[in-house]
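Here chain A shows up in two complexes: once beside chain B, once beside chain C.
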Partner chain A sequence: MHSAITLRGLPYENLKRKPLRTAALLTIVTILSLTFFGGTMLTMNLNTGMTSTEQRLGADLMVVPQNTAQQAEALLTNGSPSTFYFTTDIADTIKSADGIEQASEQTYISSLAAACCDEKLQIIGFDPASDFVIEPWIASQFDGTLQDGQMIAGANVDVSVDGTIELYGRDWPVVAQLANTGTSLDNSVFINTATVPQMVAVSSKMTKNSAFAKNADKAVSTVLIKVKQGYDAQTVADNIKHLDSRFPDLGYVYPGGITATTKNSLNALISYLAVFVSVIWAMGVIVLLAVFASSVNERKREFASLRIMGATRGMLNAIIVKESIMIGASGGVVGVGLASLMIFPFSSLIGTQLQLPYLQAGPIAIIGCAVVTLVCSTAIGIAGSMLTMWRLSKPEAYLTLREGD
Partner chain B sequence: MKNKLFASVPNILLGLLIAVAPQTFAHACIGHDMPGACHYSQQAATGIGVVILALGVVALFVNHQIRIGLNIAAIANALLLLAVPTFLIGVCKGAMMHCRMVMLPTLIVLGVLTMVFAGIAIWLDSRSTARG
Partner chain C sequence: MASTSHLLVLCDVTRQFIRRGKPFNAVDHANLIVDEGEFIAVVGRSGNGKSTLINMVTGLIRPTSGSVTVDDCNVAALSDNELSRLRNRTLGFVTQGHTLLGNLTVLDNVILPATMFPDSLPFACDDEGEVSEEGQSLSDDEVSAADSSLPDTIVPFAYDSGAKSADAQNIQAGQRRALISRAQDLLNQLGIADLADSYPRELSGGEMRRVSIARALMNQPKLLIADEPTGDLDQESTDIVMRLLRAQADNGMAILMVTHDPDALAWADTVYRMDAGVLSKV
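Right after this comes the complex of A and B.
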């Protein structure tokens, strides 16, 4: 049984009867939408990660023990967990320096990779009363009070079904798990200052670090400082160095500088991405126009025949537009699908390999980006077909049909 | 011939990748004292990959009706491949572990591609069946 071809089904039949041309056009549109969606998603995720990092690096200055500045910088970006400390008396003296508006202490302890398949965690001891870096972020997601012996877990931390984490052979209750930040804080657990001595005691027992055990009650890893208005971080660091003869040897980390460096790397990467996507689009549009232009001659007689059969110019234009919408939309869907398969499952790997803050954008942003990609890929198909319509609109049907006689 | 190649070549290539990837670049975590969940997922994925590869090879020598059945089997195997590392066996829980960062997404992508290609092959072969 033969089914009749209707004007409505003609665009689909046209595409089906020319599989090579259709495949070539589909491939081009797929590549265009893949690069557009992929590039835009990468850029969006990097920007989301950067914003998240900036929000977490709220201090102007970090004072850390001698020779540990690099470890502290690594902690702020995406480095591996580490343990370093000086004592509270040093921290108290630092706080008395001129130009300090707010100061708070934090203690960093690296966990052991305890049970099978667990990874090292960064344990961060902070004072909820004075902390101005982590506390505002924690308070946005946990409105209770962190009691002694309790923990708050970062997004990537594996909390067991009974709501505990096993660290140093002991189960610690977890009262809240925080949202993803795309920074090393996702692999951290947070305890209050009063829990730090307990943690230091069990940690030093397991690692057999007797010096650390001796300082369990007074170990502090960093003093985070927010400087007063009118002072800069460098000046306050100099003021601290003048407080004691040992202080010039301490490590001074400027989170603002780290943010600026990361931002520069990120901007460079985003620029490369933008150039890459633009070049691919420019080439794609040229090839698309070339394919459409070459198909004009081939299709002149086809459209002239339709005109003789009574089709109006509007009908012909509708056929061409429908064909290009079909190609643009299907190529767009395939491109978005392929890019999604590359970007979403490998999100953690991309973040690790780029060594830049990388945080997956929210579902609304992803859907918005997919819709824009589909609209653009369809629009580019329609733009290409405009050329065909313009060329076909010029000669008369009879003359076209007579061409080649 | 075109339908036959479409029904077999993707399964051969993807089956080979599914069998080889978990043993090479998308391996399970190493250095465990005891084999963890990721190790068993890795072994199961390799087995599933070999089955998909075999289905692809058989599809080269049979008619289109049997090819439809083989591709339905390939889809079932791909679903099993997705289920193994996600909830049947699982992988390590740490978000930054190699098995979670590389093996799991690789298997998901290969599983989805196997399903898509097998679906297209079924569609192409069922059209031939409908035409008689």
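Right after this comes the complex of A and C.
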């Protein structure tokens, strides 16, 4: 039995019977939604990574050995693992400076390529008793006490089924694995201070770094400082520099400053993304308007016909808007789908390539972004069709058709 | 002049245009009365105002002065919704140019006018307005709950969901059957039933003309306006079309036909001539 046409089904028939025009419009809207969703997700993930970095960098000031400030910054954002250290006597002197509320030491050891991981691991030794940076974060996911010889693994570290990691030819028990942060901390393992000499000893055997092995029990890579209320990090750093004539040469890293540097890179990237998305959208809107404008003339006969059959202007507008919504929503869904296929499976790779904190935003944010993209892609379709509707509001299409005949 | 009980009344209608800065009357103080069942033909040379005249009847053009009354409605005073409804339910319009929708089959082109407003058409109801065998219609209460001024894309039926949904589906299926049956019948009468599933681009000019006529007749209008309905037709097709129009007039439909075709004139009850905008009885 023939399924009779309805006015409701007319927009679908119009799109179906004009496959080239429909495909062209769908392609444009798909590109627009892909760039919008992709660009927004990248921006959102970078911002999430940045926020995560800021949260993890709970210290106001990091004091590191001479010429290692950049390595320390990279380590805290998304850089390569490093090994650098000074000795505990320096650390103790630093901690005596005026304006310090809390101070804690950490030791960084860069592993060789480990069986667990695609890349080198950053081994971070910290003192659970004094730590105020990592411990609160770990405590949110591990309520026990980190014992000597045990490890806590970052999110990207592959822990074997028996709950260990093989490092320097030895299996280390892992008691917890942390959530993703989008920073290099995801490729790190955490040990307590007492385990550091063991780790240094086994690593030195493999790396032949005898100097590090000699200082294993007193090696400190950084002193993390939280300043007292009323002090700023810069002032405390100046206070430290005055403690010893060698101290001005030490590296002073301001997590606020790191984040400022990283933020600058991030903002630059986001600006490029915004410009790129804007240009694509501007071009897309122009093309859409051109396509819709040309379709007004092409469809004049159709609209004239509908009018003489008794279609109200409202009906014509409903047909046009419905076509636009179908194009906009379909293009939006395809664009979001394609962008998702490009972004979500390659999250780690994108983070590595960008060398910036990159953390996948949560599901609510993703769904929200997808919804906004669909709304925007549909709105742009409707905006394009506004021109057609405006042209339809002018004198009767049938009369202009007759004039052209 | 005429009373408003006539189906179509043109009362001292003038339509003025400006050409090269000078005003001229395309239609000049025309008077015309058409009643149910009357078949009126208007002849005249091109550019003498025939199309302007019928465009004023359909409300596509407003008269500069005078009034056009269709079925007791002053066309110039109607809102867009009212005018559209008049075009859909009271008038049928066979245009001079080809205005079939290229995206729809012949059958769908003919059916489409019947789907524009939610209330049932005469051929889907019996004399009491009850549900017919082929196409069931909604009751008055059900119809009145819907805003008839809105297109079916917005308010298709004023039917409750849930318990009545099965009934509603049956009614819609019944109405669809009635529409298809009516459209196929018209195509059959015009000798183009075998083209029902074709698209307009596959038709000759004469075939398209006949599809346009079927479309204009679909809603059983009270007044059919035909602008050169036999323009592209051969003698045999002209006879088929004119026989059908005559039959419609005999059944009470008023027909206002503009034509150059002497063969078509013979089927009309009354012939008018349009000369330099002036309408006069021949």
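Criterion: the second predicted complex is superposed on the first by the 366 of 405 C-alpha atoms of A that agree within 3 Å, B and C clash if a C-alpha of one lies under 4 Å from a C-alpha of the other, contacts with A are read in each partner's own complex, and residues count from 1 in each chain.
The definition used in the following text is that a residue touches a chain if its C-beta (ideal position, glycine included) is under 8 Å from a C-beta of that chain, and two chains touch if they have at least 3 such contacts.
Predicted model only: the values in this text are computed from it and were never measured.
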A:Glu13 contacts which: chain B (first), chain C (second), both, neither?
second
Figure out whether A:Ala318 sits in contact with chain B (first) or chain C (second), or with both, or with neither.
second
Quick one: is A:Phe346 in contact with chain B, with chain C, with both, or with neither? Answer first, second, both or neither.
first
Is A:Asn187 touching anything from chain B or chain C once the two structures are fitted on A? First, second, both or neither.
first
Going by the contact rule set out at the top, does A:Ala179 touch chain B (first), chain C (second), both, or neither?
neither
So, does A:Met283 touch the first partner chain B, the second partner chain C, both, or neither?
neither
Larger contact residue set on chain A - chain B or chain C:
C
In the overlay, answer first, second, both or neither for which of chain B and chain C A:Ala274 touches.
neither
Considering only the defined contacts, which chain A positions touch chain B in the complex?
116-119, 155-156, 158, 186-187, 341-342, 345-346, 348-349, 352
Spell out the residues on chain A that touch chain C in their complex, using ranges where they run on.
1-8, 10, 13-14, 16-18, 301-302, 304-315, 318-319, 322, 396, 398-399, 401-402, 405
Per the contact definition, I'd like the list of chain C residues that touch chain A in the complex.
51, 55, 58, 60-61, 80-81, 84-89, 93, 95-104, 107-108, 111-113, 115-117, 149-154, 156, 176-177, 179-180, 196-197, 215
What residues on chain B touch chain A, complex-wise?
29, 32-34, 36-38, 92-97, 100-102, 104-105, 108-109, 112-113
